[in-house]
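For clarity, chains are labelled A, B, C and D in written order, and residue numbers in each chain start from 1.
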Amino acid sequence: MKKQLETAGVLLFLAAGVILSAKPGKPVGGETGQAEGPARAAAEARPVSMRPAEVLGAADRWNDSGDALRLFVRQSGDPEKQALGVLVSEGGGSGWKPAAAQVVVHRDPSGKSTGSLLPETAGEIKDQITHTLTAQIPPDKRGVSMRLRAVTRNIASNGLMNIAALALTPDGRVAVGIELSRDGKAGLIPDAFRLDASTADGPTPLPIAAHLVFQDKDKAVKALEEEKISGLAGDVVLVSLQAVPGGDKPFMLRAGFLAASAQARDEIAVSGPSLPVAAEAAWFNGLRLNVALLLAAVAGLIFWFMWQAKRSANLYVRRIPGIDAIEEAIGRATEMGRPVLYVPGILDMTNIQTISSMLILGKVAEMVAEYDSDIVAPNMIPFVREVAADVVKQAYYNAGRPDAFKPESVPYLSQEQFAFTAGVNGIMLRDKPAANIYLGGFYAESLILSETGFQAKAIQVAGTAEVTQLPFFIAACDYTLIGEELFAASAYMSKDPRMLSTLKAADWAKMLFIGLIVIGSVSLSLGMPQFSQFFEIAAMK
Amino acid sequence: MMETMGAWVGVGLTVFILSFLYKDNPFYKLAEHIYLGVSAGYWLVVVFHTNILPELIMPLRESGGDPGKLAMALTPIALSLLMFATLFKKIAWLATIPIAFVIGAFAGAQIIGFASSDLIIQIQSSMQPLWASGQTTWREAINNWIGFAGLICCLLFFFFSREHKGALGAASRVGMYFLMISFGASFGYTVMGRISLAIGRAQELYDYHYATLVFTVLVVAGVFLTGRLRKPPAESAEMKQP
Amino acid sequence: MNLRERLTHLDRRWLFLLMGLALLAPLLMPLKLPFAQDRMVQDIYDGIEKIPPGSTVLVSSDFDPASAPELYPFSVALYQHLFQRDIKVVVMSLWPAAPPLVTKAIDEVKKGVGGKPGFANKQYGTDYINLGFRPGEILVIKSVSDDIRSVYSADTQGGRLDSYPIMNGVNGMKDFAAMINVSAGYPGIKEWVQQVQSRYGVRMACATTAVAALDYIPYYKSGQLFGLSAGMKGSADYEKILGVDGKAISGLDTQNIGHLLIIFAIVLGNAVYFLGRRKP
Amino acid sequence: MKKTIPLIVTFITGVIMTVEYFSPHPLVQHPKAAIEKWGISVMSAMIVLGTLNILIVNLPRIVRKERDWMYKAIMVAAMIATAGLGFYEQGKFDDKGSFSNWMFTHLLVPLQSTMFALLAFYITSAAFRAFRARSVEATLLLAAAIIVMLGRVPIGELLSAKLTGGALNLPDLVSWINDVPNLAGKRAIMVGAALGAISTGIRVILGMERSYLAG
């Protein structure tokens, strides 16, 4: 009765799904489709207006990974009313995104955007502006003023150095070019969209890739194509270069603005060279602190419980129903005088499922040896076969019957998936094993094996972490170890305190995650996204 | 000419393999072994031409006697050659060195991959607003609740250091139901995938129906002629293969 | 022997025959039913539409002939879409049997397929390149994303990468506007997401077999994938959105009968089973 | 010694590949790049070794005329033919008109895809003979499966709309199942698998897991 009630409850739940999934309105998940949560919403929000603005500087220390660079911009002429604009790059190169989430902007009634720097970041700006230079356009050059403000350097995650230069286009009728030189002599690279070492005067010995990124890159590209640069007034233009770090001479940068016409790019203004910047390697990428912390927490739990296990071998792990099923199956096979079939999956020894499976195989073979029954453990990978043979041999030895081990009970069938499957099916039909145990990594053969076994009326116990195959095992086998249960079963059966301790550590890690999710969800619901934002991966921001 | 011949060969082999559905027979075995041979040969050539030649041998030639470059080019060759120690019983253990090398590299890369992509990002995106406000509609909030509760229950299902009794038992049971719905959905998708695999073949057989007919007749006649068409035992013995 | 017993002991070859007929019947008389497009596939389309023309996209073609019915139509439609948008395409493979399929797909696209005009003007080495296969699974993924030339010193034609204009300035994952993975399993989506997407934040979309698609829903929902196409239905959706009359759309027709047959088989099998249990 | 050297090697490569994510310093990044490149070479050697193994295993069997030796001979012949042609044509399997391409298109493609096409048939038989609603779990699984199967094909979409007068849109329901309950289940599995992978990885690097050294 209870079963029926539960089934009914679940079916009711699916019915509720009909209501929840139904239109009208937008489909579930929102019209943004993939958007989930405020993080994405923020990433796609429009940038704050920074016109006319002045680049205060770029924080050097933050982008030592090359994964992010933040710029500080304030409204010119009125230092009291500051706005803070932040650009975050994915990977230091292409794909700079305005991240409005990190901007604090107040708007006064007149519509001017004012803002304040977050207190702690304000301090950092002062400390971190390392290279700033200003260049005035010569008076005969149409009276346009041009600045190259911040030049930053950092080591990208790939070990290359990123140099970022910021330039401002006050009247909007210009695009920007940039020059990279070691001695200040090389010429301007007159290409607004592809900067490449090979186009410079003389080959540069450095592999240089550069990108020009406008706040709204799509708009900028389109504007250039249509020769309507004027739409870009006041945009901050950012150039990032990469150079190999090392003991080489420092770089210098110059920014030049070019007229917008695609045919003739008249040089309008060129800045003076920047201060020399040299590449310098960082030891730790601060942006990946959250991953480091989480990994440290998980590793810490693992080590703690390992230590615990060494001190007192008293680690409780609940009994896993699948193990009872395995024991029962072996017992029945013994009674019927028929062998036990054990398939350790089709994956190589490098896979943890195979490793777990080998541990269980050892215990199963030991039981089989004790009961004086037979085991067949066919393999698809030659290397796994060697390991499996060793394991079974050892198990017979442990059971005190080393002479009963037959190497042919651990056959190597074929390295081809379906030939192997056909071979195992042949064993099932020929030797009629009373218990089929499939533990390890399985792919398409799960369906064929479990069906043949079902038809042969064997007790079937399966277990795999290959999620796609679980449905077939669940539908066709008597008992299925789902995902982690396979690993838990191997730990449980081995009784190895170290294995048990990992299980315990994983449990506590899950508790930690549940806690984090609860805190994060509640704080998000209360309108405090900071907690969940901490867990965003730098590259994803 | 080559194309037509190829199409006929392709259809023939397709029919040979499909004949396995009736029962194991020499035609299937022939096709299967051709497949194993061709794919092994293909692998060998591809690996040689895409990796061994350009990435192992060429750097050696290009090193031009520079000892640093030569060492960098020789190390991977030496490591690779160690793999072949398995062929000789006495020094077989040497092959564990390159294996250990790769396993260590994979283990390290996977630790990072799983921690960043499958742990932290998934945890972060599981943090969802639980009541309607601003951007979140009520419908989304309800779905978020279901997802939130479902995820926690599923995590509790995989909890091993406590007996599943009382509240934990109830939660893990709910978790299991969520898992079953999710497996059911996968099951449905898988059925779709499996059928798709055969559609391409059906199309091919249909397009070259002359060849299909010819080969089908051939296979049927062949199976008869080899005299193996005895009534199969009640259980489908067609899968039997040594 | 009554009907129930007969069904219990039904030779499975009858079922094989039924499935064979179900596969062939729609080829003889197509149903051509309309269908709704999956949102996740629409997202792939929209995502690609957002990539500015002239950018370079990395496609990792990680499937082999076995999964071609599901993924080959997607590849064809994908190259059509990318060429149509004037996006440059760099194709690589982690599966050994993929590169010839890539060449075939692009050749078809250049010639024109599925009612779309061809892209005969697209030049190898300038608009697209087929880098080919490398063994090494995640190690290849990691090296490629840092420095393509460290694993690919040459393409499938044996030419140095630097001799092709398309590779000019393309060194690693940072230089691609997006990464699209057409994957049939391991190594594939999971490895790309873990080693590349979450590290470089590159915009990434995937087409995968229906079998594996649902495992990657968490990646889609967390925004790691901007779109996800599942199996033949996904390919058909993509063709439909793109306005191509491709192989997947006609394949979907065949699925109709196949699915009904499987559902019928499950229901019938269970009916026989439960009736059998009641009368021991 | 036989165990220590591999364990040290694993430790070094493992630690570098882990730390590399956090440290952009060249002293970490350069060894990492070398490990990746060398690892790729080792893996191609593994493939060559696998192919060699086919010869080593099968040639004696052919010579001794063991059972099915003729098939083995055909297999080895096919392998040598493919490899020979491939080497002769310098691995240009995608050059239209070459023999290698012919072999790829007309041997490998139909053979491999038909091998997998067999699954479509097996699943029909499994659906009928093995997928039973034996428990609440299996019932639920099959119910969800049937909904999804119907919702993913045009005919299901049409039927559901016709039968319920448009009240039920199956594709929407399938989307909901995918996005809500399925997401919860799959995410939990993903998190659990990640924990397992991380702890195994740590054990492998620290040399506590050394089963790969056996044999």
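Here is the rule we go by: a residue touches a chain if its C-beta (ideal position, glycine included) is under 8 Å from a C-beta of that chain, and two chains touch if they have at least 3 such contacts.
If you're wondering where the values come from, they're calculated on a predicted model, not measured in any experiment.
J.: Quick one: which chain's Cα centre is the longest way from chain C's?
T.: Ranked by distance of C-alpha centres from chain C, the top chain is A.
J.: By number of C-beta pairs in contact, which chain pair leads?
T.: B-D
J.: So the centre of each chain is just the mean of its C-alpha atoms; given that, what is the distance between chain A and chain D in Å?
T.: Result: the chain centres lie 20 Å from each other.
J.: Which whole number of Å gives the spacing of the CA centres of chain B and chain D?
T.: Inter-chain centre distance comes to 2 Å.
J.: Measuring centre to centre with CA averages, how many angstrom lie between chain C and chain D?
T.: Measuring from centre to centre gives 15 Å for this pair.
J.: Two-or-more-chain contact residues of chain B, please, as numbers and ranges.
T.: Where chain B meets two or more other chains at a single residue, that happens at 21, 32, 35-36, 39, 42-43, 46-47, 50-51, 55, 102-103, 105-106, 109-112, 114-116, 118-119, 121-126, 143, 146, 151, 155, 158, 177, 179-187, 189-192, 194-198, 200-201, 236, 242.
J.: Enumerate the residues of chain A that touch no fewer than two other chains.
T.: Where chain A meets two or more other chains at a single residue, that happens at 6, 10, 13-14, 20, 27-29, 36, 39, 156-159, 291, 295, 298, 350, 418, 455, 467-468, 471-472, 474-475, 482-484, 506, 510, 513, 537, 540.
J.: For chain C, write out the residues touching at least two other chains, lowest number first.
T.: 12, 16, 19-20, 23, 39, 66-69, 97, 134-137, 139, 142, 146-147, 151, 156, 158, 198-199, 210-211, 214-215, 218, 221-224, 233, 255, 258-259, 262
J.: Using the touch definition from the top, list the residues of chain C that touch chain A in their complex.
T.: 39-40, 42-43, 46, 50, 52, 54, 146-147, 168-169, 171-177, 185, 198-203, 211-212, 215, 220-227
J.: Quick one: in the complex, what on chain B touches chain D?
T.: 2, 5-7, 9-11, 13-14, 17-18, 20-21, 29-52, 55-56, 72, 75-77, 79-81, 83-84, 86-87, 93, 96-112, 114-116, 118-119, 122-123, 126, 143, 146-147, 149-151, 153-155, 157-158, 175-192, 194-198, 200-201, 204, 242
J.: Any idea which chain D residues touch chain A in the complex?
T.: That would be residues 21-27, 29-30, 33, 50, 53-54, 115-116, 118-119, 122-123, 125-126, 129-132, 136-145, 147, 167-169, 172-173, 175-177, 179-181, 186, 189, 191-193, 195-200, 202-203, 208-209, 211-212, 214-215 of chain D.
J.: Quick check: in the complex, which residue numbers of chain D touch chain C?
T.: My answer: residues 21, 33, 35-37, 39-40, 43-44, 46-47, 90, 92-94, 96, 101, 104-105, 108-110, 112-113, 115-116, 120-121, 123-125, 127-133, 142, 145-146, 149-150, 152-158, 169, 171, 175, 178-179, 182-183, 186-187, 190.
J.: Can you check the complex and tell me which residues of chain D touch chain B?
T.: Residue list for chain D touching chain B: 2, 5-7, 9-18, 20-21, 34-52, 54, 56, 67-68, 71-72, 74-84, 86-87, 90-91, 93, 100, 102-123, 127, 136-138, 140-149, 151-153, 174, 176-195, 197-198, 200-202, 204-205, 212-213.
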